[in-house]
Amino acid sequence: MTEVTGTARLRVRYAETDQMGVVYHGNYFVWFEIGRVEWLRQLGWSYRQLEADGIRLPVIEAACQYRLPARYDDELEIHTRGRLASALRVAFTYELRRVGDQQLLATARTVHVPLNPAGRPCRLPAALREKLS
Amino acid sequence: MTEVTGTARLRVRYAETDQMGVVYHGNYFVWFEIGRVEWLRQLGWSYRQLEADGIRLPVIEAACQYRLPARYDDELEIHTRGRLASALRVAFTYELRRVGDQQLLATARTVHVPLNPAGRPCRLPAALREKLS
Amino acid sequence: MTEVTGTARLRVRYAETDQMGVVYHGNYFVWFEIGRVEWLRQLGWSYRQLEADGIRLPVIEAACQYRLPARYDDELEIHTRGRLASALRVAFTYELRRVGDQQLLATARTVHVPLNPAGRPCRLPAALREKLS
Amino acid sequence: MTEVTGTARLRVRYAETDQMGVVYHGNYFVWFEIGRVEWLRQLGWSYRQLEADGIRLPVIEAACQYRLPARYDDELEIHTRGRLASALRVAFTYELRRVGDQQLLATARTVHVPLNPAGRPCRLPAALREKLS
């Protein structure tokens, strides 16, 4: 199976910090979602369109290793890789780096199940599956 | 018109603070929403049920005056008053106080338009309107 | 007094929506903060540096009028204007527009008090004040 | 080593949902933090006091399995277990259940390193360590 990589950039928002003076750990998952969406866009797909077509991609597993804290106003880069883990599972891995010095801040993984309009697990659209295999 | 008052309590979450060491100002609006929901519940209504019936209450105006910062782990009390501002407008005012010393931390106001399933402005259900007038 | 304008762009995140299918109203204030920070950057200042110098700019008033909902994946533009409202007050106004059709989604206003390292209201640094007057 | 269990309750907030109509997956980590804090409180400790004493407990690993979606206004229960995983590691596991039918919605795990005021890994205060061993 092919593994496709995508890159997204963002700047840390003040609202994303907590009183420890660094980014709150739960907010990293919002960034990984941005990574997935940009990964799809680089494949020529839009998650918005996927949802308009009735397909949703809820998360069934999420995990993150935090190595170095992200700080307010840092410019960050998310490198996302996605693949079909099985007929009914899509798995993504992420590397979060500071743009300036390419320091690795965190690595993460999420697993998703495509759901059809009836809320049942389903395959991804064929044209998207092809790009992944 | 009658003005009905409701009270809700909450404890400040770590995720709600920012690196200034106090609660991020945007998060207060999440608390005021809790105030509205508890206000409705004290009237014998559930916002969840209202939505299940196809009525939504989006915010068209929101304003807050911040007097004293809310801090992590503070126990807070929201006093909410709601009234029909017109046939198609519901207005709420809020007082946010620290439970311990009853210090007033913030006052706020939101205005809402009930929308029907078609997304058009509509009246609130009659039984709820009666409680407010 | 001079009024300086700045522009920031962002794309709506999935996490920013709620089950009404549009962006949660409290999240707009996170965007306006991005507007302020970019406004400062366009003046040649960095809010991060300002904080490193011991100056903070907490919000004492915030208000927003919501005209049209922002939706997931929308590309948005924030036009921010800032001015010294008095020796110890900085006031910002914001216009939030959709990039595609320049539709006005919301207007807003925030007022801030600069605080020195001791937590007392203070003037902004002279070099920044000059740019604003 | 002893494993201590604590329970916290919360009600799902509207702001915690996303346009899929369920709670956004990243928000579960905010709840698990509430679990940890209540777990500490049931041990007779306060995380706020711990921080006032200069000890912080940043997350270095976080993982969650999502089984059933949490929905707006659901009343939830978090069962938290904590233990010293090593001299310089504290590990927590969580079960998230719906109060009404005790359905298991998610299980999770976080690992933390206590940091002293200098930002170096350190042991937890002796009195707290004793309660955990």
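Which chain is which? They are A, B, C and D, in the order written, and residues in each are numbered from 1.
Going forward, a contact is a pair of C-beta atoms (placed from the backbone, for glycine too) under 8 Å apart; a residue touches a chain by one contact, two chains touch by 3 or more.
Please read these numbers as outputs of a predicted model, since none were measured by experiment.
The pair with more inter-chain C-beta contacts, choosing from A-D and A-B, is A-D.
For chain B, the chain whose average C-alpha position is most distant is A. Between the Cα centres of chain A and chain D there is a gap of 24 Å. One simple way to say how far apart two chains are is to compare their mean CA positions; for chain A and chain B this gives 33 Å.
Each of the following residues of chain D touches two or more other chains: 14-15, 19-20, 22, 26, 30, 33, 51, 72.
Residues 14-15, 17-22, 24, 26, 72 of chain A are the ones that touch chain B when the two sit in their complex.
Across the complex, chain B meets chain D through its residues 13-15, 30, 33-34, 37, 46-48, 51, 72-73.
Every residue of chain B that touches chain C in the complex is listed here, in rising order: 19-20, 22, 25-30, 33, 51, 56, 58-67, 69.
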